[in-house]
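In what follows, chain A forms one complex with chain B and a second complex with chain C.
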Partner chain A sequence: MSADHARYHRQTLLPAIGAEGQRQLGEAHVLIVGSGALGCVIADALTRAGVGRITIVDRDVVEITNLQRQILFDESDVDAGTPKAIAAATRLRAINGAIEIIAHVDDFNHRNAERLLGDADVIVDGLDNFQTRYILNDLAVERGVAYIYGGAVATGGVSLPVLPHADVRMAAPPRRLTWTDAQSTPCLRCVFPEAPPPGTTPTCDTAGVLGPLVMTIGAHQATQTLKLLTGNIDALDRRLLSIDVWSNEWRRFDVSGARRDARAACPCCVEGRFEHLDGSAAGAAITLCGRNAVQMTGAAETSALDLDAAAARLASHGSFHANDFLLRGVFRDERGPDGDAIELTLFSNGRAIIKGTTEPELARSIYARYVGI
Partner chain B sequence: MPRVDVELPSVLTGLLGVPRVVPVEASCLADALRELSELHPTIDVHLFDETGGFREHVLCFHNETNTRWLDGTDVALADGDRITIMQAVSGG
Partner chain C sequence: MKVDVLLFAQLADAVGARSLSVDMADGATVDDVMTRLAETHEPIRVMRETIAVALDERYVGEGTRVRDGCTLALIPPVSGG
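Let's look at the complex of A and B:
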């Protein structure tokens, strides 16, 4: 028995995969955006399964608070301040040296999305914010690439597969992975047309997250990906999965009518407007000249941000106080590139000034994790 | 008056200290949501926008039907119906 044959033997025994499915996996390319908790689980599973090329994109550095759930990292990565994409790639290459792992230490955004996609067959979502998720959704629909959404916070999570309809797809070289119109699904914006306004949805940094939850959601996303890559498209779970591992609830919602039945046509997969991918919907992150600060304005403003509630959610991360107009405080454990403490000023319409850095990517990350977008 | 259960997203109930399932008495969906707001006003800002409609990242199912695709919330309820509210989840 050859080494490759032995490595995948227990998987090729499965009739749905077999030798042909294993060959298809070996020729496949998967893009994983975000190498946090979900991204680690997904990358680990796909690496062990023998997906031939895996591209990982992440902008952050491994921190001690990640180790509770981000399974590809250890204390040496924290001590060395290793970027997550690099630490993940190192671990994945040690698991399976027969496949190619490509790591990008970068902020995934509308400017680099198409370059980073390359010839990937499936985009898998390991993100922590909606702004970037909608870029992935636009990219998937425009290029005709499958996209697997997943999200997890506290003890609850969701997952949804997107197999875009061909109607608004740009002329592009044919992809290896194809599906029929009947097998197509609504896109993420058909089901969730707009991102939550800032401060209206919990984040892992404010509400916490249980390690096994992300393993459950990530495992579902990885399984969906393996089904697609081995041509088992009809085995795909096409429903919106919603689970809570603490209250033992598993629900699957039929959203197949979302595209057809929506009262307003989906701007993305029906009208072909890719406003997240072309950058026109992006919330602005503007470095404030001479102030060592970045101003964040959300893509969707809110007038209803409860500043007292936001201050209470942030209490475990530093000293935060709210008045009728704004919330202000300093994070205990967040530092800018020069070691300056990070100070947050948050206004009730969602605008924020993040002081202690001039880097828009860091400001966006702080905003996504502690305010929520 | 029909008695129905309103099931709320667990990502919110834990954070806000609100029960996961709220039993209400209401003849239509709109009344059930009004009753929910009166019983647990802290959840309003997370579910509803300034017009009183569901936020775009929130879904509401009446039994198995997504109510976003209905013409409104004037939907008659029957004893034992289940209203399930769920939302997109950001973290990962």
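Let's look at the complex of A and C:
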């Protein structure tokens, strides 16, 4: 028995996979965007399953608060301040040296999205914000690539597969993974047309998150990916999964009518406007010269941000105070690259100034984790 | 007629309930139910444009009529991960 044969034996015993499915996995390329809790679980499962190439993109470094749920990291990564993409790749290569792991320490955005996608067959979502998710969704629809959305906060999570309709796909070389029109699904924006306004949605940093919840959602995303890559498209769970592991609710919703019944025609998969991928809907992160600060303007500006509620959510992370116009405070445990404390000033329209760093990537990360988008 | 409403994820936390019940006039639509709920529950008003609505576990548009005894599920997008 060859090493590869033995490694994947228990998986190839499954009739739906077999030797042919294993061969398909070995030829496949998966892009995982975000290597936080979900990304770790997904990457671990796909690495062990023998997906031939896995690209991982993440902009953050490993912190002690990650270890409760981010299964590819350990204390040595925290001590060394290792970027998550690098730490994940090191661990994954130790698990399976027979596959290729490609790590990018980068902020995934509309400028680098198409380059990072390459010839990936499936995009799997390990993100922590909707702004970037809509870029993934645009990218998937424009290029005709499958996309698996997942999200998890506190004890509740959701997941949705997207097999884009071909109507608005750009002319491009055919991809390995294809599906029929009848197998196509609504896209993320058909189901969730608008991102939550900044500051209205809880994040794992403000509301907490249960470790096994993200393992459950990540496992579902990985299973969906394995079905697609082995040609078992009809076995895909096409419903929107919504679970709460604490109140024991597991529900699946048929969203097949979402593209037709949406409040307005989907700008992405019906009208072919890729406003997140072309950058026209992007929020800006601008370094403020000479001030050791970055200004963030939200993609979805709001006029009604509840600053008192935002201050309450941030109370366990430092001293934050709100008045009628703005919220201001300093994070106890966040530091810029020079060791400076990170100060947040958040205005009621969602604009923020993040002081203590000149790095837009760090500012975006702070905004996504503590303000929430 | 009576319509049961289930709330999910952060919407349940923000409203402080996992389910609600509303009395609606005959002929009411999903839009009517959402408008009523938005009047009495600020988090639903704030999140309304972002919420996916399912009628008896099937996604529906806001023009869909509700029926006595039906269940509406209000599912907000979940951001973290």
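Everything that follows uses one rule, which is that the second predicted complex is superposed on the first by the 372 of 373 C-alpha atoms of A that agree within 3 Å, B and C clash if a C-alpha of one lies under 4 Å from a C-alpha of the other, contacts with A are read in each partner's own complex, and residues count from 1 in each chain.
Just so it is clear, contacts are C-beta pairs under 8 Å (C-beta built on N, C-alpha and C of every residue); 3 or more make two chains touch, one makes a residue touch a chain.
Remember, predicted model here, so these are calculated numbers, not experimental data.
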Partner chain(s) touched by A:257 [first = chain B, second = chain C, both, neither]: both
Touched partner set for A:372, first chain B, second chain C, both or neither: both
Which of chain B and chain C A:246 touches, first, second, both or neither: first
Touching partner for A:130 - first (chain B), second (chain C), both, neither: both
Touched partner set for A:150, first chain B, second chain C, both or neither: both
Which superposed partner A:313 touches (first chain B, second chain C, both, neither): first
Contact residues of chain A, present in both the chain B and the chain C interface: 34, 36-39, 125-130, 150-154, 156-158, 191-197, 200-204, 207, 209, 214, 217, 240, 242, 244, 247, 249, 251, 253-255, 257-258, 261-263, 304, 372-373
Chain A residues touching chain B - in the complex, by the definition given at the top: 34, 36-39, 125-130, 150-158, 191-197, 200-204, 206-207, 209, 214, 217, 240, 242, 244, 246-247, 249, 251, 253-255, 257-258, 261-263, 303-304, 306, 309, 313, 368, 372-373
Parts of chain C lying in touch with chain A, wherever the complex brings them together: 8-10, 12-13, 18, 46-47, 49-50, 52, 54, 57-62, 64, 73, 75-81
Interfacial residue positions of chain A with respect to chain C in the complex: 34, 36-39, 125-130, 150-154, 156-158, 191-197, 200-204, 207, 209, 214, 217, 240, 242, 244, 247, 249, 251-258, 261-263, 304, 372-373
Touching residues on chain B, where the partner in the complex is chain A: 9-12, 14-15, 20, 42, 45-46, 50, 55-57, 59, 61, 64, 66, 68-69, 84, 86-92
